[in-house]
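Right after this note come the structures.
Both complexes shown next keep chain A, but they swap its partner, so chain B is in the first and chain C is in the second.
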Partner chain A sequence: MLHTVNKSPFEKNSLDTCLAHAKEGSAILLIEDGVYGATKGTAVSNKVQEAMSKFTVYALEPDVKLRGVADKVMDGVKLVDYAGFVDLAVENDKVQAWL
Partner chain B sequence: MMGGEVKKFLYMNRKAPYGTVYALESLEVVLIGAAFEQDVTLVFLDDGVYQLIKGQDNSDSEMKNFSPTYRALEMYDVEKLYVGKEALEMRGLTEEDLLVDVEVKTADEIRDLMEEMDVVLSF
Partner chain C sequence: MKFTVQVNEGPYQHQASDSAYLFAKAALEKGHEIYRIFFYHDGVNNGTRLTKPPQDDRNIVNRWSELAEQHNLDLVICVAAAQRRGIADADEAKRNGKDADNIAPGFRISGLGQLIEGGIQSDRLVVFGD
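The block that comes next holds the complex of A and B.
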């Protein structure tokens, strides 16, 4: 199953709720303000780093670049473009969007 | 300006730049305030600090990159830009990550600043 998170982890609990409810092995794609959750050295970095042992964490590169955090993305986060987003949506049987 | 009184305006910015329209709208109102030669102060707290981050790049995106406008504020005599210390720290950011010169302030200092103002506009 694919989970998307589009809210900043510093403003909403969408990422927390996602991590608490996603099944091991799921794909988690951070988009829009959700990409701030993929950056290094923040108050949520450890949590996301830990989550990467259970899930594959992706971030949408155009949103990462737009927000000026391309050089701050944590190791282990996989960057995808819009075509990659489509691939993830097709590969997974369902999508849960944590808004 | 025609005999108008000058007030101290504080623009409080707390939202990340692209996920909502608050940041862009704030900039528009800041420029209006500056055009009327008001005494303008900008504060960036919480995700608002992301508005000022260097290297915003819309080359793969349909969104407008309005971050260069912050660098132009100086030309409108908008020079008082304050950033919350705690907000930077919890996002792993430092002044070096920002595209304009700012003064980093603690919550205590920003509290005092707010009290000095005539008008506070919230974004």
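The block that comes next holds the complex of A and C.
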């Protein structure tokens, strides 16, 4: 299953909700302000790093670049473009948006 | 693969309608089918032809209409959400005693059943909102 998170973890708890509900092996795609969750050296970096042992974490590269944090993306986060987003939606049997 | 896309937010206020558009465009470019795009809640504001953004800004409404024309897309606006927000086609305007309609080309107004049917008929339902 593909989970999308579009909220900054410093503003809303959508990422926490997603991490609490997603089953092991799920794909989590951070989009829009959600990409701040993929940056290193923040209050949530450890949590996201830990989550990567259970889930594959992706971030939407165009949204990462729009926010100027391309050089701050933590190791292990996979960057995808919109075509990659579509591929993830195809590869996973369901898409759940944590709004 | 068949997709239905749900858009819950209006243009220019939130990134959701941009994300939904770019997702739909990428899916079409990859050869997938967009069975329907359903505009719900403030998302219905994507379907007014009266917007006039500055020339150097993207025209979100026209962009939807153009994509719909190119790919024969079904852009559906939720009727109850539209009535609350003043989005009307000619029939809706007449039925509700309004003096004008404002629906953009390529959009149509229908009910929530169209979202459910889109979910049933499509392989994936992808939601964009706030």
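In this text, the second predicted complex is superposed on the first by the 99 of 99 C-alpha atoms of A that agree within 3 Å, B and C clash if a C-alpha of one lies under 4 Å from a C-alpha of the other, contacts with A are read in each partner's own complex, and residues count from 1 in each chain.
One rule holds in what follows: contacts are C-beta pairs under 8 Å (C-beta built on N, C-alpha and C of every residue); 3 or more make two chains touch, one makes a residue touch a chain.
Here the structure is a predicted model, which is why all the values come from computation and not from measurement.
Undergrad: Chain A superposed: clash or fit between chain B and chain C?
TA: fit
Undergrad: If you count the residues of chain A that each partner touches, which comes out higher, chain B or chain C?
TA: Comparing touch counts on chain A for chain B and chain C gives B.
Undergrad: Check whether A:6 is in contact with chain B, with chain C, with both or with neither, and answer first, second, both or neither.
TA: Both partners, chain B and chain C.
Undergrad: Answer with first, second, both or neither: which of chain B and chain C does A:83 touch in the superposed model?
TA: second
Undergrad: What is the contact status of A:39 with respect to chain B (first) and chain C (second): first, second, both, or neither?
TA: The answer is first: A:39 touches chain B but not chain C.
Undergrad: To the nearest 10 degrees, give me the chain B-chain A-chain C angle using C-alpha centres.
TA: Placing chain A at the corner, the angle measures out to 80 degrees.
Undergrad: Under the stated touch criterion, which partner chain does A:97 make contact with: chain B (first), chain C (second), both, or neither?
TA: It touches chain C, and chain B stays clear.
Undergrad: Kindly classify A:65 by the partners it touches after superposition: chain B alone (first), chain C alone (second), both, or neither?
TA: In the superposed model, A:65 contacts chain B only, not chain C.
Undergrad: When the two complexes are placed on top of each other via chain A, what is the minimal CA separation of chain B and chain C in Å?
TA: Superposed on chain A, the two chains' closest C-alpha atoms are separated by 5 Å.
Undergrad: Which parts of chain A are touched by chain B and by chain C alike?
TA: 6, 32-33, 62-63, 81
Undergrad: Please give the residue numbers of chain C that touch chain A in the complex, ascending.
TA: 1, 3, 8, 15-16, 19, 22-23, 25-27, 29-30, 32, 124-130
Undergrad: Under the touch definition given earlier, write down the residues of chain A that touch chain B in their complex.
TA: 6-8, 10-11, 32-33, 36, 39-43, 45, 61-63, 65-72, 81
Undergrad: Once bound in the complex, which stretches of chain B touch chain A?
TA: Listed in rising order, the residues of chain B that touch chain A are 15-19, 46-47, 50, 53-61, 63, 65, 67, 90-92.
Undergrad: Enumerate the contact residues on chain A facing chain C in the complex.
TA: Residues in contact with chain C: 4, 6, 31-33, 62-63, 81-83, 85-87, 89-90, 94-95, 97, 99.
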